[in-house]
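Listed next: structures, encoded as structure tokens.
First subunit A sits with subunit B, and in the next complex the same chain sits with subunit C.
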Partner chain A sequence: MKDRKSKFLKLVTFLSERMPIQKLSFESMVTKKEVPVHRMSWAYYMGGLTLLFFLIQLGTGVFLLFYYQPTVSDAHASVEYITYFVNSGFLIRNLHTWSSSCMILCLLAHMITTFAMKAFARPREITWLSGTMLLILTFAFGFTGYLLPWHQIAVNATKVVLQSIEEAGHYLPGILSTLPSYIKEIIQGEASVGQATLSRFYALHVVILPLLFLATLGSHVLSVQLHGMSQGVDTPSKKAERFFPFFILKDFWLWGVAFLIVFILALCLPFESFYAYPLFEAYDALGSTPEGIKPEWYFYFLYYPLEILPFWMVMLGMTLSGIGLFLTPWIFKNTSRKALSIIALMITAYLIIITLFGQNIYDMFKGTTP
Partner chain B sequence: MFDSFLFIGLPYVAIVFLLVGSIIRYKLRAFSYSSLSTQFLENRWLAWASLPWHFGITLILLGHVLAFACPGIWSALVSIPTFLTMVEALGILSSLLCLISLMVLLIRRFVDAKLQAVTSHLDVLVLLILFFQVFSGLMVALHHRWGAAWAPGALGPYIHSIFTFKPDASFVKEMPPFVKIHIASAWVLILLFPLTRLVHALALPFHYFFRSPQKVVWNNTRSQIRFEQRIESENERRLFLKAAFGTTASAALLSLGALDKFLGYFLKQDLTNAEEAHLLSKKLQRLKQSAEERELELERMSKDSIFVANLSDLSSAKGKYFIDYEMRPALAFRDGQGLPIVLSAKCTHLGCTVGQDVDNQGRILCPCHISYFDIKTGQPNTGAPAKAPLPHLGWVLKDSQGHELLAQDPDGRREGAINSSQLENSLLFIVKRFS
Partner chain C sequence: MKIIISLFFLTVVFSTTVFAHPEFQRYSKSVSGRSVNCAMCHTHSDGPEGIKPDQIGSLSQEGLNALGLARQAYKPGWGGKSPILNEFGNLILNDLGKEKILMLKQKPELLAEALSKTSDLDDDGITDAQEYKDGTHPLNSMDGNPWKLFKNNLIKNRFHILMIILATGTGLFGLYNTILWLSIKTGKE
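Let's look at the complex of A and B:
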């Protein structure tokens, strides 16, 4: 009995250190909050920038809902209608696609810099965990949203991904081997990617994921405000800047610039101009799959290894790094920021190289010419 | 006669007086060449009046000068409707701003005891004439719309004639009363210029921009510290106010621009008849396509055999797509002996639909991850991502009366027989018993 009580007490102390609600006051979260000034200070803006792009997604997403029709026969036509006939419809849609990419870019930068700055260390473990959840949710947003326009590349890429899930079953022992195909069936909803899949993805993309995201985001931002900014460098910087009004105004300034850039991009450059048109024709269930089916660029880090390396190797790597991501605060508890920066740089280098030169590396391995 | 005095005599008197008076005043009493500041006596009202007044009047004067100095450029500009609307709106807003600030400036002259001690009759007169002048200008703008467009043509020649010493007031004499009043009182203002505080317009402290900054230092340490603290907190407040104002203003601008775009999003779309018809036909076609797919599904549930093609229509170079009993894509070819080859088109790697064109080695390609499949055996090429062969489907050949001639199950076992003339006219089916 006594033992149990002390365990309970331990849990309470653990949680109260991670969620110091005694600091839940306007004074400590706004007027007294300070942001350290040092050579990595720019990284403190990354999270806010991600939030901006999420807000743009939320706004433009709601706009798109007014015209989008989630049925196999109408989806593609309704997206085309938005693009060509609704006033400023192309702008809303381009903003949604451009800002989704920007959101993922900022999110990755945010995650890598917080890692390098050891902002996950005690007492900020929960902040890191909720951030990781947000990363997964954002990828889920990207994956589900990709299917909705129901064009060739969308449906076929989704097919490939779902089939890959089933593939993982071959590497699992015993009864577990049927698990992936169950998961696939749950996601897909019918024998092949069709109306059931579209409905599921739609529900996920516009209702379930946003709700989950907002809840997680709330906890994430609250814990950031409760703990204050982490010191970020090994020798704490003496200089600091008041969060309010200085940091927050700079943050808003940056938001303005970022919005302007995305707005101009959305106005001038359709995201789809990076691909050949046939990929954006309506999905044809009876025809051959067109060439050049690929996921969005932010899945290249997973896609190209899958193309080049044996399946089991990639699966193992991804599982391990997924677990590693969640356990980061405990694995790297005693690592210096210098070592963390080196790891972060290596991860960044991998992501940049595989995203920019993945196709070239693939051609090199396969001996095909593009 | 009176008109001639107002629009020819008065202008010359005013201009001469302006030139001579300004020079004499500068020569004799250079230190009076400014407007006597009352900022130390009363600052709260002044801050809200002086600044807007100067903003407003500068804008208005700029408009007047541009319109009369470069009538060609100006006329070209105001022929753009948007620009004209903007200029008019800006002018009216500025004059309202000026009127309100002049009112405040007047009131403070009368309600503040300290100010009354330094206020001269001329100060009040200047304020009153300025008020009258701006008010008459506003009346012109409101009663005779689009002054920015008509004034350069209607009044430009008059101004020009005054300065080229060939005075011609015939145009102005025909003008409506508000315009005449506005012009006449402008000349009065110019006349008063060298006598009043208005001369400060000639004494612009441009060197303030270039001189090195001055710092006020207390010689008493405690006062110095207190002073610095006050300056710091004031600076902080000012910075915050500035930034907050900037953010609010830009947010307002942004929402204005965004609203312009986004409100349209919910308006009715402007489609031509042809576009509407095109859209509708496209929609119908998609609906038909969906309906056809459903029909295929129903057909596969209810029928024992499904027609694929006339055997004579099949070729060995290009497959024909159809949908098998599991609603998956499949391909039908014809081999060298004239018999059908029927196999699944769903790639055994990750489920893409395999292409229909046969290459010179008798293979078809899955474009997703580059696997080649031999159509005879279904086997993928060595090293392909796909490991398993494309499965063959069972098929049946029937004659036109529907009699089964030859059947083959998925494993390649055949039953029945067929001769070459029957072969040419036979029809290819897939059947439920083989699936």
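Let's look at the complex of A and C:
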């Protein structure tokens, strides 16, 4: 009994240190809050930018909902209708697409800089965990949203991903080997990617994921506000600026500039122009599959290794990385910021190289001409 | 009588070679490095043959008649519309005529030179001839060489861009002053 009580007390102490609700006041969270000023100060703006792009996603997503039809017969036509016939429809759709990419870019930058600055260290473990959850939810947004236009690349890429999930079963022991197949069936909803899949992805993309995201985001922002900004560097900076109004003012100016850039991109550069047009034709189950079926750029870090290396190797690497991501605050508890910065640089280099030159690396390995 | 006319057109249609011209598709793909399919000139992305909508096997009698006439458009300026070709395909047929198209099959790189230098069917600022070379769709204003599209749209939308810069700037100015005012207020309290 005594042992159980002490365990409970330990848990309460752990949680109260991670969520110090005694600091839940306007004064502590806003007027008295300070932001350290040092060479990595720019990284403090990454989270805010991610939030801005999420808000753009939310706003434009609601407008798209007015016209989008989640049925296999009408989905592609409704997207075409939005693009070519609805007033400013192409702008809203492009804003949605561009801001989704910008959101993922900023989120990755936020995560990597947080890691390099050791901002996950005690007592910010819950902030890190909620951030990791937000990263996973954002990727889930990307994956589910990709299928909704129901064009060639959308359906075929989804099929490839679902196939990969099923394939993972071959490398699992005993009863576990049926699990991926079961997961695939749940996601797919029927024998092949079809109406049931589209309905599920639609429900996930517009209802379930946004609700989960908002709840997780709430807990993330609250814990950031309760703890304040982490020092971020080994020698605590002597200079600091007030969060309110100075940091917030700079944050809003940056939001303005970022919004303008995304707006101009959405207005002048259709996201689809980076891909070949046959990929955006309506999906035809009986028609020929066009070349160049690929997931979105933010999945290249997983897609190209899967194309080049043995499946089990990539799966093992990704599983370990996933576990490592969640356990970062405990695994790197005693690692210096310098070592963390080197790891962060290596991760950044990998992501940039595989995203920009993945196709060239693939051609080099497979001996094919681009 | 109707049966005789139909039989006549069917004979004309099927006695003429009905294949698409993959030489042009192959050329466009090789110079642009982009994936290109039959939808660049045809109404169906798998080409003219087959029984899917807008393919020869699915055409009505009226469509077959129009196709028969299109097959005989050897000289430029025919003025009709082939049901298996899209607007760009019909433009090529009308501007060049079938005779020249068959000749250009041997040298598909000359097609862009032979086409109108000003025609831009999708009004995206990139000429149809250039889109043929870029491997992008001449009828899709969202498809084009990204850099060229960006430059053209930037010029086309300059007024809107100026307006959004002004609107964002004004909004930020208002927000800036509101936050400063709030900060002074909370500081005093």
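Here, the second predicted complex is superposed on the first by the 370 of 370 C-alpha atoms of A that agree within 3 Å, B and C clash if a C-alpha of one lies under 4 Å from a C-alpha of the other, contacts with A are read in each partner's own complex, and residues count from 1 in each chain.
What we mean here is this: a contact is a pair of C-beta atoms (placed from the backbone, for glycine too) under 8 Å apart; a residue touches a chain by one contact, two chains touch by 3 or more.
Please read all numbers here as calculations on a predicted model, not as lab measurements.
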Clash-or-fit label for the pair subunit B, subunit C on subunit A: clash
First, second, both or neither for A:160, with subunit B first and subunit C second: first
Which of subunit B and subunit C A:235 touches, first, second, both or neither: neither
First, second, both or neither for A:269, with subunit B first and subunit C second: second
First (subunit B), second (subunit C), both or neither touched by A:288: both
Partner chain in contact with A:307 - subunit B first, subunit C second, else both or neither: first
Subunit B versus subunit C as contact partner of A:77, first or second or both or neither: first
Partner chain(s) touched by A:277 [first = subunit B, second = subunit C, both, neither]: second
Which of subunit B and subunit C A:252 touches, first, second, both or neither: both
Subunit C-contacting residues of subunit A that also contact subunit B: 245, 249, 252-253, 256, 259, 286-288, 290-292
Subunit C residues touching subunit A - in the complex, by the definition given at the top: 33-37, 39, 45-46, 52, 135-137, 140, 142-146, 149-150, 153-154, 157, 160-161, 164-165, 168-169, 171-172, 175-176, 179-180, 182-183, 186-187
Complex interface listing, subunit A residues touching subunit B: 63, 66, 72-74, 76-77, 81, 85-89, 91-92, 156, 159-160, 162-164, 167, 191-192, 245, 249, 252-253, 256, 259, 282, 285-293, 307, 366, 368
Complex interface listing, subunit B residues touching subunit A: 239-240, 243-244, 247, 250, 254, 261-262, 264-267, 269-271, 275, 279, 282-283, 286-287, 289-290, 293, 321, 323, 326-329, 345, 349-356, 366-370, 385
Residue ranges of subunit A touching subunit C (in the complex, touch as defined): 31, 83, 90, 244-245, 248-249, 252-253, 256, 259-260, 263-264, 267-270, 272-274, 276-281, 284, 286-288, 290-292, 370
